[in-house]
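Listed next: structures, encoded as structure tokens.
In what follows, chain A forms one complex with chain B and a second complex with chain C.
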Partner chain A sequence: MNGAYRDALERVSRVPGVRGALVVLADDGVPVVEELQSDVSGAAIAALAAALFRRTGLAAGSADFGALETLQLEADGGQVLIGGAGELIVVALISDDAQIGRARVEVVRAAQSLRAGPALS
Partner chain B sequence: MRSTDLPRIIAALKEPIQLFVRDSRVRVSLLINRSGQVLAQHGFTSSYEVMNVASLAAAAHASSRALADITQSGGWTHLHHAGERHELFLAPLGTPVEPLILVTIFDSESSLGLVQLFFHQLADRVSGLPELQSARASADQKSFEHDLEAGVERAFGTRRDA
Partner chain C sequence: MKTPAPTDLQRWSEELARNPASLAFLPLARAYRRLGRRDLAVQLCTRGMEHHPTHVEAHALLALLHFESGDRTKAADEWATVLRLKPGNFEALRGMGFRYLEQGEIAKARNHLERASLIRPEDTTVQEALRLIRQREMAIGKAPPAPATASAAESAEASLPAKPDAPVEAAVRAQAGEPPSHPAPKPEAPEPRVHRSPAEAAQRVVSGSRFMPAGAAPQPARPAPQQWAGDPTLPADPARLFEEMASSGPLLGILLLDRRGLVLAGALRHGGDGASEELGALISAAIEEAVRTNEHLRLGGWKTLTLECAGAAMQVAPVGDSAMVVVAARRGAPMGWVARSAYHAVGIAERFMEAYA
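On to the complex of A and B.
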């Protein structure tokens, strides 16, 4: 199963401008696998991204928009892309000069492939 | 930790524990020493409840430490119990005077990752408190019970003497 997570992450990480990617337990906010530059804290990104995704998902549900599939957070220095995969989320950290469209496609694909995989429990 | 140092240490720990609770969105938190002496609390409504949780947490910490020794795991960083509705997180944090233990209970408003993240910030804040830099460890076991009760009473603001 770990191989499936690694494969999903590799596809995301290969996109030029992607600074790192993680597969995270959605409820716990704990990283399952990560490929990050050494100056980035995987634990912090995982915890905050999962909290953000969960809360935005609640807001989407309250607005009757259905389940949240992807979340794109734009900041001055880059972007955070999050794709929902059931019990997991896929998180990508993206530089401003990255191919955003391609990164987005790969995050969605990674999430879809994890969602189609066997359940964690 | 000496009882004479307690009032200013308890006062100094109030802000770090409040920040931790606010940032991590946990329900209740307790900061104790290895003897179960209460130094800070947030969210508990009765001192009886605090006493029980503090003594059980101190026992759990001692058991975990013994287990870590037996298995040569080299200590442990945290203990996490996931219940159906609530989760318990127990973790030791080092201070210049003696190790403390954070006990916290959270639900779906928070997560294990968030608690771990803000626990590290709490540990940094607490270990940097000047009040802990100048405090000294308890000299003997005689004052244990007195300090235990004094800790709970001060954490609830019901004790005034120093």
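On to the complex of A and C.
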């Protein structure tokens, strides 16, 4: 199954300006697979991204906006993109000069492909 | 004032006996207050707040109880707590406004009363007090308007009643749904040391002997303002701050939140009562998480948080260091358009915050 995850991540990682990508267990914040530059800690990003996605999803649910599908956090020094895929989330770290539109499309595609794939358990 | 039914008292008491953390303390305290048992009501509130320290209504009730007991300092403390928990609480804004007015802190009084006026423009006690304060400021022309100067304080002090219960009483009693304890004053027969209404208190503060130039004629009454004096282009009702933007098209609503997630202005067309408050609180928590994420990844300050959900799209953007706007649109709205809407909303919010300050 990891092969499918790696394929999904590779498409994201190939986008210029993407510093790394991970597939993470949404509830636990544990990385399943990751492709990251060496200066980035996968475990920490996984935990933070999962917590951010969970909290934001709660907010969306409270307003009756339905399940959270994608989250984009834009900051002065880059962006974090997260796509929801059921039990999993796809996380991408993106630098300022990245092709953000393309990265976004690839994160959404990766999330869709994981959602359509076999369940983790 | 409705007398509480004995069966209700019994039911609430039993519920509290079973579960000391129950919210039944609140109706029970209200009931005891109506029965004239303020001591019991205060005890119930105090104990209830051990379990619910941030319960706004409990603090507001305690403020009222302290006020009625003549302890204005404690009442003001509770109103201040209410305002920390819910900056837009009308009763607390009005209570603090008149408290400051009593103390001669005119600028603070005006600030609180203007905020109260934004929430309930139809409240005549607040409007009258504001009208008189502004009238006085207009009358003094180029003099600095309304800071709590020594002369203002002296003037206020000189005009304050010897009787401690007077100036705020009418407004607070009105808040509690009670008739004023004094009959309405006859303008032609004023009683110099007793204020019968907040409006009169305001009149006395602003027209005190050292504050009103001799011969200055009172200004004619003006209708209640439809726009806020702080910025006439902003609507009086903060819930309608973004109405022009959000009333058509795919927008579901726009909220202005403070950093704690409390709604300062705006509204959601989507969801029922309390949806805005709940969304605000949760978005604020999400932003805290976002800030932590950014710090860890050394990404710097956050600029926007954009969400696509099954039924809606949202963008959250900061307004200075202390607030944020949440723009919600129907799913399918172009994200670039949502981003532009958020940009415009931030501009409006900045003006609101500036005028608010």
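To be clear about the criterion, the second predicted complex is superposed on the first by the 121 of 121 C-alpha atoms of A that agree within 3 Å, B and C clash if a C-alpha of one lies under 4 Å from a C-alpha of the other, contacts with A are read in each partner's own complex, and residues count from 1 in each chain.
Simple rule for what comes next: a contact is a pair of C-beta atoms (placed from the backbone, for glycine too) under 8 Å apart; a residue touches a chain by one contact, two chains touch by 3 or more.
Please read all numbers here as calculations on a predicted model, not as lab measurements.
Trainee: Once the two structures are overlaid on chain A, check if chain B and chain C clash or fit side by side.
Mentor: Aligned on chain A, chain C fits beside chain B.
Trainee: First (chain B), second (chain C), both or neither: which does A:L73 touch?
Mentor: second
Trainee: Looking at chain A, does chain B or chain C touch a larger number of its residues?
Mentor: The partner with more contacted residues on chain A is C.
Trainee: Taking the superposition as given, does A:D28 touch the first partner, chain B, the second, chain C, both, or neither?
Mentor: first
Trainee: Which partner does A:A116 reach: the first (chain B), the second (chain C), both, or neither?
Mentor: A:A116 sits against neither chain B nor chain C.
Trainee: Does chain B (first) or chain C (second) touch A:A46, or do both, or does neither?
Mentor: first
Trainee: How far apart, in Å, are the nearest Cα atoms of chain B and chain C after the overlay?
Mentor: Minimum over all C-alpha pairs: 10 Å.
Trainee: Identify the overlap between the chain B-contacting and the chain C-contacting residues of chain A.
Mentor: In the superposed arrangement, which is not itself an observed complex, chain A uses residues 44, 48, 51 for both chain B and chain C.
Trainee: Considering the complex alone, what residue numbers of chain A touch chain B?
Mentor: 24-25, 27-31, 43-44, 46-48, 50-51, 54
Trainee: Which bits of chain B are touching chain A when the two form their complex?
Mentor: 108, 110-114, 116-117
Trainee: Sort out for me which residues of chain A touch chain C in the complex.
Mentor: Chain A reaches chain C through residues 40, 44-45, 48-49, 51-52, 55-56, 58-60, 62-80, 93.
Trainee: Along chain C, where are the residues that touch chain A in the complex?
Mentor: 268, 270-271, 275, 278-279, 282-283, 285-286, 289-290, 292-294, 296-312, 314, 328, 331
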